[in-house]
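Below you'll find the structures, each written out as structure tokens.
In the two complexes below, chain A is the common chain; its partner is chain B in one and chain C in the other.
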Partner chain A sequence: MKSLKLLGLSTVVAITALTGCKPKGTETAVSGDAAQKVYVAPGKYDEFYNFVSGGFNGQVNVYGLPSGRLLKVLPVFSVNPENGYGYSEETKPMLETSHGFIPWDDQHHLSLSQTNAEVDGRWLFANANNTPRVARIDLKTFKTVEILELPNSAGNHSSPFLTENTEYVVAGTRFAVPMDDENGDVPIDSFKENFKGVLSFIGIDQQTGGMDLSFQIEAPGINFDLSHAGKKKSGDWFFFSCYNSEKANTLLEVNASQNDKDFIMAVNWKKAAELVKAGKGRKVVTEYAHNTWDESTHSATSTMKKEVVVLSVEDMKEAMFMIPCPKSPHGCDVDPTGEYIIGSGKLAALIPVFSFDKMIKAIADKNFAGEYDGVQVIKYEAALHGEVQKPGLGPLHTEFDGQGNAYTSMFVSSEVVKWNIKDLKVLDRQPTFYSVGHLMIPGGDSGKPFGKYLVAYNKITKDRYLPTGPELAQSAQLYDISGDKMKLLLDFPTFGEPHYAQALPGEMISKNQVKFFKIADNKHPYATKGEAESKVVREGNKVHVYMTSIRSHFAPDNIEGIRVGDEVYFHVTNLEQDWDVPHGFAIKGNQNAELLIMPGETCTLKWVPKKPGMYPMYCTDFCSALHQEMQGYVRVSPAGSNTPLIYSLNNKKDNAQSPVKEGETK
Partner chain B sequence: MKTQSLNNLTRVLLIVCGIALIISIFVPLWSIYLEAPQYPEGLAMYLWASKITGEYEIINGLNHYIGMKTIHPEDFWEFTVLPYALGFFAALCLLAAFLNKKMWLYITAVLFMIFGVAFMVDFWLWEYDYGHNLDPNAAIVVPGMSYQPPLIGFKQLLNFGAYSYPNIGGGIMFGVALILAILAFIEFRKPKSA
Partner chain C sequence: MNTLKTLAFSMLTLALFSCGGDKKTDSIPTASTTETTTTATEAPAASGTNEYDPKRGLGPHENVDVSKFDPAMAAAGKKIAEVKCTSCHKPTEEKLVGPGWKGVTQRQTPEWIMNFISNPDPMIDVDPELQKQLELCLVRMPNQGLADNEAREILEYMREIDGAK
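Coming up: the complex of A and B.
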């Protein structure tokens, strides 16, 4: 009896001791003034815009820093019923590919345009990982204005990374695949003969930002993971991290982790561009979509391109080299001076830091260790500046503060480690909650980091927020890095799985915002520039409704004479010329989406009524005190009936006595 | 004869008034600002001698809730007359300085006062019409409410605070009126035999 009691007591003690030992998270990590440092008073703006990848939601999410407030979700690669992106007739072409219309993707990395290696606030580039694409977002309107598909590629992971003056955005394929002009129907175990790893160089028009696939490089069939351009003295070069140098094609977690060293591939893009100009490279016949948004017509166009110039390893003899890098490198990051290239081997117990000067010298001295599929491999020691010893487990990605310090995320040990680039000494480490992937310092991959905050983007968040079933929010954590030691200030939930992010001072973008589109400049073919121009036009079984919206009514607001089987196109022009006054448009039973029309813009919603009846339509955006009155009806008659096509336009007498207008038939 | 002529300073000031009135033709005369919680940045409307500028289209959009008439520059006959009226008074000032006669100064001063008062009365009537002549079918009807903006100063109109102030041109008109009045007074009081 006594012994039993003792046993019970000792169990209680043991449990108490065990739970007492559980490491405390936030309480120890957050200091007293954290709340003050992230507090942005009501009515005040955040200091930074933070553009965070949406991961598998295919969008880009915009947060304010330091508050962590969500400002906007930008539709880029996925349809968005909230505003009709990918559903409206005008935006459908944005999501066209050589595989047809694709309503989703997996968005991983972001890159802000730069001038002289500094962020400039013009454009934001985003990658689609699954069906390889690169998008450009105009930061005056926060709209996706261009999407370019990439041929000869799969798993567009090493993308989009920009040169220091936004001359090129690059995209390296993660999956090696057979070239598009070769037979792809080959045995998978013929990987080593038939599969290629292609790097794409997309030229950017400096005035318009327009993208053009200038050339590709047919590199060995290796997996490209991440990338960064050199800057300043290394500005002509691009660096790509590569894994699976084993060229395994099954059970990669084992078979691609055999080699002690994989590679960082260095490509002189200036020389490559010169080679293309000199006529090198072969023309590969393929198909890829180029989708562009025209702000004057408020419409997108999709064009299918048929050809791309591809440089071979042979062509690139003098302009492409491998540097051995331990072991399955993820991040491939260049410090603000352009001298140091940091490879982060996910499976390595150290961080190798390469020197650009040493690399150039090694190439000049032909200090090579051999060849890999025809690419010269520079001797590891010849390019190495040094190794950061015992930095933590699972280094993934490094950003810089501009004070000579580097910050590396450690996935396995869930921490951020600060170290000095010159002497490679570890200076500080702070836990993350939990499993940090990329991290971001505003301007931290440019020549001029702002060096005030660091954000860690974490994969796992259990116990951080109120639980939401089996699926929990992803999370970002904000650190103050202005002092010697990093200080955790805040964590906030994020959409999708956040990967890479970019940030810049708010003022750089906010001052250039477009507030509304001038109605006089609206060149949409179905624009209705005043209520008097509103009309309903039948062309066979197609009915075009030229509709306007203004607080607080549609014109026309009642339409009769629509028949089952008609294709009805509502071309809605928002007549407002005022900031922050969009109008919505929705109709009952539509299998499409709604519209959200910006002031001065025209958007088109297609509707195919399936059965006769009365269909209300209304404004979905609470636009004014009379928003609820912003509504109307469409009467649908059976197919073949001869209900006259009529509509009411600003009918101030109720019950539609007059003036009811006769629809036009063409 | 000498007793009928003007001081040199008076003549200089008359020239200044003439030039200032010419300037007033090419700058805004009056500003009306509206402020509401939904419009933290404010809405501005500028009246010139010959046109209206600013965000009057947006104001028109808002006015329809309360049944106010919309503002269209072509509805104002004043715009075809005002530039010539200001030009006429500029010429009159310069002429008075050139002719160097007290009588011409008095004529200029008196005519301009009449013009100034007429201008303000016309402006007030215009505001009265817009503020009171409301559509009885308007969405928002507040019994007894009118929306006449102030001639000068501030007035709260429902959720909008309305400010009305002379702009550069209006300032010039006030200034010229004041200078002419003072000059006429001084010249009148000047001893007959100097």
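Coming up: the complex of A and C.
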């Protein structure tokens, strides 16, 4: 990694030397008023919410822009001890898959829901790269409310990308693999015969946001990297960048770089959906989990699905085409007008810009260069609008400002390059001080970008901050793009590796924020609505504690008669009805996490005491001046003992008295 | 954490009140108090004046008609209280986390009670009786998100406790 960094750096020097400019040092990179432009005074809000992929920690992180302040970490594909996500009984089903419970994944890209090609602040979609999944996050609560596993896939990289009205979320496989209903136990060197690259189309319910794996397309066994839907005139189409058209299966850095050009694959998703409706495609027997969160019961359910409709290349004859694209394309970005499709080849020294109109004409004219595995290949020149010459080295991703300009990240030469989409002239370039990967302009991949800021996220860390051991802090850089020249305003650290991100004006979300859950609407089967309902119920070796919390006590706060070998379920209902008064719940020796229960919510922690003794429990989230007093005891007796099951709150003789109650046994 | 925020806010609110309190919407919108602040700003008693009426309190409720007793309303109030209030209040004179309810309708006006239970934070900041109570209880009464009719029903239940028929 270090040598890569050195290489990157030396290339910067080489490139800047070539272009005749003096290399800019970090000292001169920021102009005088940068600090003012990112300063958000205490009590003032940031202008934008920035949702940034948490990379290999499987989360999504929310930052404010322009301050770069971390607002929240949203657990999506990884368990989170902070609030018990993936540990509490209600959230465990969210991480179920056909491989069982998976507490981790690699979260790459994000996509905000859109209406008429504009971001609308309803939902955020996130992908899991390792065990292919797509998640939906509700932006009213910032909670992961749905996770759908993807069959016939591996390395869910080119996802989740959305159509302009959130009709479909797409997910293309990075690894070609044998289909699930075929034998996967085959020699790897039979790749060319047995491996397929499958594209998944997830239909979205417009009212609820609910996801449904509508169909898949069994494409040739190439690697799908990234994608974007068309918009406006190209709104019926999806574009995918593909690498490894060589279909190599070993030492890909050499063997997948043999061909001068790979492809951008264009898929007419509307036609594909019609084909499925007309009964085309075969039903593939498989297994994939569909996990949904119910906001009224505060609980998730995991369902295993058994079948998916798969269209073949033959079915897609009129609706799927290849466009040659210079070497190993990575980014595949569509401009706000929907006319230009920009491919970025990791190994290319130019940026090809394709024209949607030309592509349609080429298809109509049958201006093909041949076939690739049964897919018609459009002639490169026939679809090409033009090439941006000498933009920099290693173009990866392109975002748009809505003013006719494109901004492309250059991984190898570590810079952001601004260029005009129509005349393809380079207008500006700014160094990034690390090997840059994804770019993000709020709304920058929609039909209506908010072209004020651009954020560049690192791919390889550099020493932007105090050193932190062998691994350095990951980084993002904020640029002001409101003028002709990009201006670097701010560095801020991120979780690594920050892949794609999305942003939108804060008010689009904050106006709809859920402040607390109405206790009357709480339909959790173990909800305790009021202290009078609190109780302890034994069912064999299972003990259910119906518990409440309010500033500053639990009810009950003393429980006796638990035995070693019992499975104790603490169902804690937070009785508060005020914004921002969560209560925590933790108990000594628990091989689990804690709960963090929002006002009006019920959460369940499972606890299996291993030895007799006295076990304190307490609230972990500071809730009032008497927070420290919010605690209680559970007495655990040896297995088989007959200590009576009792519970109480405030049963002291020398104090206000409440009765000690007998636990129920069912 | 929340306490700190609330404390900071209450200090600010006090400062604002003591110097006229005209631009309340500019104050720091802390999470737990935003809503209640808005309510207070819209309340007739708070608009255009810094005079606090300790008989009426701060909030939307005024001229509550208690000429008749409504047992059905009191029963509904008891149900709500058992979910949202009795964790901290007993129907007797006994103090739990908060003071017992017995006698409250004789000590306070119906308007004051309804305003306080539906808009606690801003009232704790300015009401002399509530300031005294805070020194005893040390826990600020949580906003339990009561709807107007729920506040009325709880008042009726309190009246029943105090012997209304």
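Heads up, the rule we're going with is that the second predicted complex is superposed on the first by the 630 of 666 C-alpha atoms of A that agree within 3 Å, B and C clash if a C-alpha of one lies under 4 Å from a C-alpha of the other, contacts with A are read in each partner's own complex, and residues count from 1 in each chain.
Just so it is clear, a residue touches a chain if its C-beta (ideal position, glycine included) is under 8 Å from a C-beta of that chain, and two chains touch if they have at least 3 such contacts.
Source: prediction; values computed, not measured.
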**Q.** Fit-or-clash call for chain B and chain C when the two complexes are aligned on chain A
**A.** clash
Q) When the two structures are overlaid on chain A, which partner does A:G530 contact: first (chain B), second (chain C), both, or neither? A) second
Q: Kindly classify A:K518 by the partners it touches after superposition: chain B alone (first), chain C alone (second), both, or neither?
A: second
Q: Go through the superposed model and pick first if A:E576 touches only chain B, second if only chain C, both, or neither.
A: both
Q) Thinking of the overlay built on chain A, is A:P467 touched by chain B (first), by chain C (second), by both, or by neither? A) neither
Q) A:A555 contacts which: chain B (first), chain C (second), both, neither? A) second
Q. Of the two partner chains, chain B (first) and chain C (second), which one does A:P638 touch, if any: first, second, both, or neither?
A. neither
Q: See if chain A has more residues touched by chain B or by chain C, and give me that chain.
A: C
(Q) Which partner chains sit in contact with A:A625 here, chain B, chain C, both or neither? Use first/second/both/neither. (A) both
Q: Could you list which residues of chain A make contact with chain B in one structure and with chain C in the other?
A: 550-552, 576-578, 624-626
Q | Residue ranges of chain A in contact with chain B within the complex | A | 550-552, 576-578, 624-626, 629, 652
(Q) Per the contact definition, I'd like the list of chain B residues that touch chain A in the complex. (A) 55, 57-58, 61, 65, 137, 139-140
Q: Would you tell me which residues of chain C are touching chain A in their complex?
A: 1-3, 5, 27-29, 31-32, 34-35, 82-84, 86-88, 90, 94-97, 138-140, 142-146
**Q.** Touching residues on chain A, where the partner in the complex is chain C
**A.** 42-43, 515-516, 518-520, 529-532, 548, 550-553, 555, 575-581, 621-627, 650, 656
